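Heads up, there are several structures right after this.
The following pair of complexes shares a single chain, chain A, combined with chain B in the former and chain C in the latter.
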Partner chain A sequence: MRSRSLAVVIVAIAALAASFGLLAQQQAAARFAVVDVYVDSTAPLAAWQFELRERHGEMQVVGVENGDSRAYTQAPYYDRAVVDRGAADRIIVASFSLRPAAELPVGRARVATVHVRLTGSAAPDFQLQLVAAGAADGRPIDAKITLDTRTGR
Partner chain B sequence: MSRERRRLGIRSMDNQEREGRLYDGAVVAIAAAVITVIVAACVSTTLPDSGGASADVAAAGGASAAAGIAGAPATDDGEAGEAGGALGSATVGAPEPKGSEEITVTGSRIAREQRAARMPSVPQAAVERPLAMTVPLQKSQTAASAEGGREARAQGVAGSPLSRVQPGEEIWVIETVAVHEAAVAVEDDQPGSGALVAFVARPDDPQQSRVEVPLPLRHTDVHAVITGYVGSVDVTQQFENPYAEKIEAVYMFPLPEKAAVSEFVMTIGERKIRGILRGKEEAQRIYQDARAQGYRASLLVQHRPNVFEQKVANIEPGKRIDVNIRYFHTLAYEDGWYSFVFPTVVGPRYNPAGFKDPVTALPRGDHREPIPGSAVRYLRPNERSAHDIGIAVDVDAGVAIEEVAASHAIKTKMDGRNRAHVELASASTMPNRDFVLRFRVAGNAIKSSFLTYTDPKSKQGYFTLMIYPPSGLAALARRPLEMVFVIDTSGSMSGRPLEQAAAAVSAALDRLESGDTFQIMNFSTYVSALAAAPLPATHENRDRGRRYLRSLSADGGTEMLSGIRAALNYAPDPQRDRFVAFLTDGYIGNEVEIFSEVHRLIGAARIFSFGVGNSVNRYLLDGLAMEGRGAAAYLALEDSADDVMSYFFERVSRPALTDVSIDWRGLAASQVYPRRIPDLFVGRPVVVTGQFKGGAETIVVRGRVGKDRLEFSLAPDVAQPAIRTLWARLRIDDLARRYAWSGSNDLAADIRSTALEYGLMSAYTSFVAVDASERTAGEHGTTVNQSVPVPDGVRYETTVVERSASAVR
Partner chain C sequence: MHEPEPQFEELPDLLVARLQRADRSQAIDPRTDRVVIDDARRYFASRPRRARLAVMRWALPLAAAAALLIAVLVLRPFGLQRAADDVDGSGRVDILDAFALARSQADQESVDALAARIVSLGAQRSDL
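Entry: the complex of A and B
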């Protein structure tokens, strides 16, 4: 009888622990943040493409926003096939502008903001790589890509 | 907080609340003695603060990088990154203040340098602010914006209607709730509801004599570009909060049933946030999280292929959020005319008892939520909203446009012979009936065609085949008909719609030939019929039929399944072709049940569906025709019923090309839709769409006219990439129908994967967009359902479930 009671208690403990664990995970799932992406180019920037990852696989992209330049007023495009890889998102984002070179951004400019939902308990660990940066005539140009992260004000 | 406000708050907890209850249940089930131990073991899971950091990555573009600059992102698997040639990467995000690392990549050389000193500083508050923290909005700000809104409204009143009041006219001044918090507690108590300004009763203008109800959707802007027979349509919904408190706007709206929704952008001022397509449950979870935490967010959910729900969370008082949706679809073509249709309102649906996924019609202010299912709220007959619509269409027909016609007053500007710009004559048109634009192209310009497109990345080919019946069919005589007319006499058909339906059937009786037979059935809650069996089309029997038509009245539910069974479930007449003409507005919620039953019972019969009204359920009507291997036609309330029936008989009075098959020759065709190619009637083409591998080759189309065989060949031509999206939309539609018949979870999974792969909305995928840059103050706000007018010609009293009803169904 005593051993049966003990077994019941052990099962109960395990069930409750699992419940609390899930609850904690669920609560931790509700964090949002933004990743501002900047390209610093030496020539007018007519096209760009970058890839953003989160090292822990705990990022869900929930929106991709246009940057500051008037040459890029539309929201950038993203690669859906990559986003659909589940909760551990990485995303490839790109845009281009057909504006004259004089209207294209030169120097450091925010080209996009990626809105994300962070699902895990660890601090986010973003990885960013510039895939391509080009001038209006299609030539690759020297450019540097950076990011800032922030949470909702 | 008012009584009703509290109720709304509870309702909005939905999934999280339910899940919370599960946990509560688990806790109750466990002995209290162990809780202390367990909690101690679990509290170690702490909620992290947000990390934040900044890092730089430099990349010098190499020669191969140019390949990646084409605009669209590379598709995946790291190929894009590797192909780029000039990559940099950095790890960012560790919250410790140690700076980050700069990595410079030039060719094969990688240089690293610690750059803490040069790293742009990020304000510490932004980096380390807990995500759960809320920055309260200053009360003075709220008050100021509310005051501004009140002033604007007051000026509007003073400036227009009151200044036009004539002696003897009646003036009603109704308190505006929008600026009085306490007024939320009235019975019809969405924020600001039951409110507004003033109206002047003008018997000559019913619109002007209605109370304007403040609602969040201000305007819908539609811009369509038609190239050939493919339309690309941008729909912008402008939401603006007219209340003194924060709201969530919910809007049920229609799109064409063939719409392939592929883009979704939320606009806040100059900022445009492209939404992400995800599995439906996942998208809803993201939206609910964002909403609960005060972030602006929007969610697009599909309830039917032609019924969608837009949610926009955390719209602050006086603020505006736009949502842009883009979709593709094909235009219908018949006898030289292309038709572009934009529906503007979801008609009030009838849902048979026990149906699992109803779309319920409720009055404005009725907060009951059907579970399961969804609801559309309707304005009462004495109410109107400020929501209006603007539509502009740019047509490039590719051939000369000879004539343009529309359901609304339009302005047309031709640009050469092949192109036209069309827009609504009034920029503030009330959205209560379908906008139908028709344009006729040069005679004999449209022929059978076989268009192909090959995806350059996947090498997957797509084709669309438009088959026209040979013109020689028009010279042949038809077989005798067994014509079964089935008229919807439910409450929504009350008045003008039933008059139109009866007039159409009466006109059809005149066109029957001596060898034909006919039957007239009507259904609402029950089915009735003219006679026990089809009658010969004698003069006396036609008169008898007309008397029967005059005796019909509209009332009760729409038990269409009973009507389908009555029309199809009896022995066929071997001497005649059975044609069933369904005349209905299609306002039912159980479309898939209807399709399934037609699929089961159709046999050798053919169904021709007639949509009667100005805003009919085209998903049902087109689906009936597809499953019934016939065709759909539309009879607007101002159309000539005689003309429509005359046109129909012209069509069916010629033999169709039947048993159509396609010899693909060397083409490896697969996933071809529709699976069953319907009969081809004179003047009406059939479009077949599919995939193929390898090179495109000439194909052969074969069919039968009576006992004669016909065949013709078609050579491939190059098409536009939109074919890929249109094929995916057809595949989803096909899978959804098969799922309705079989309930196989594999099919549901196929729908989801196809939708995600091709970036399309479906019953299993949704678009979600979150603005995570700023949290709005306070709770998520009250949910306001955007109420809509009942469609033009439909009676509110016979279609909308008022609060006195015992249950929502």
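Entry: the complex of A and C
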């Protein structure tokens, strides 16, 4: 009887230790990163939209902030509700400016910064797609989109 | 005593005879009348139930059609909303449509609502 109780206690302690170990491992794996998104256009960039995701789905978007250009004074559009819920494993970000063409960014410009929480142990595999880019007159223009990653907080 | 009309006195006998032959009306026995009326009542007594059945037969398809119509109007599953959001007529809905709407001096609320639909994670899936 006593040995049976002892066995139960040992198993319980082992399970507890295993769960703590797993939790610690998960906490160690989770880290934050900053993704700077750039659009490179030969024409003045009046509107842009991109989608960012991580191939393995091991990303949670925690925030989005504006880029460098003074032509874009407003915060970009994105699904704040889903981000605030902590349920954004991808993000669509977009913005436009009604400023005249002379004031719009030309060339490589940082349009947004996305803050993400990464949960996997492997290096993230970001997938970035430029959905739309437009000139001041509203017509679509060709542009390239790239990203740089930095270690987050 | 009722005096015959003068014009009847002038009708030819042959015509009068033909008219009399054509008049085939006969007196109906009241019992026959009752039998016919009872039969008719029995027959029509069953009609309302059949009519109700006919209504029931149509009720389900009509309800289904009404539900479908409401679903189409409310959920707009065939891209009616997206077609309305395609402001620049490009065939796709993206930020350029919100941009076009803003350039057309639309109110900020409408522009923000359209932009919110464009970036909504629940509304669209990309092909990345």
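Note that in this section the second predicted complex is superposed on the first by the 116 of 153 C-alpha atoms of A that agree within 3 Å, B and C clash if a C-alpha of one lies under 4 Å from a C-alpha of the other, contacts with A are read in each partner's own complex, and residues count from 1 in each chain.
Note that contacts are C-beta pairs under 8 Å (C-beta built on N, C-alpha and C of every residue); 3 or more make two chains touch, one makes a residue touch a chain.
Keep in mind the model is a prediction, meaning the values are calculated, not measured.
Using the contact criterion defined above for the overlaid structures, shared-chain residue A:Arg117 touches chain B, although it does not reach chain C.
Legend: residue contacts after superposition of the two complexes on their common chain; A:Phe126 is shown touching chain B, with no touch to chain C.
Of the two partners chain B and chain C, more chain A residues are in touch with B. Contact with both chain B and chain C is seen for A:Gln49 once the two complexes are overlaid on the shared chain. Of the two partner chains placed by the overlay, chain B and chain C both lie in contact with A:Val82. By the touch criterion stated above, A:Val93 is placed in contact with chain B and with chain C alike.
Within chain A, the residues touching chain B in one complex and chain C in the other are 46-49, 51, 77-79, 82, 92-96, 127, 129, 131-132, 134, 138, 140. Against chain B, the residues of chain A that register as touching in their complex are 8-9, 12-13, 15-17, 19-34, 46-49, 51, 54-55, 60-66, 73-84, 92-96, 113, 115-118, 121-134, 138-153. Chain B contributes residues 19, 23, 26-27, 29-31, 33-35, 37-39, 41-42, 45-63, 65-76, 80-81, 84, 86-95, 120, 122, 126-127, 129, 131, 135, 265-266, 270-278, 286, 289-290, 292-295, 297, 756-757, 759, 768-775 to its touches with chain A in the complex. Within the complex formed with chain A, the residues of chain C that make contact are 88, 90, 94-96, 98-100, 102-103, 112, 115-116, 118-122, 124, 126, 128.
By the touch rule above, chain A contacts chain C in their complex via residues 46-49, 51, 53, 77-79, 82, 88, 90-96, 98, 127, 129, 131-132, 134, 138, 140.
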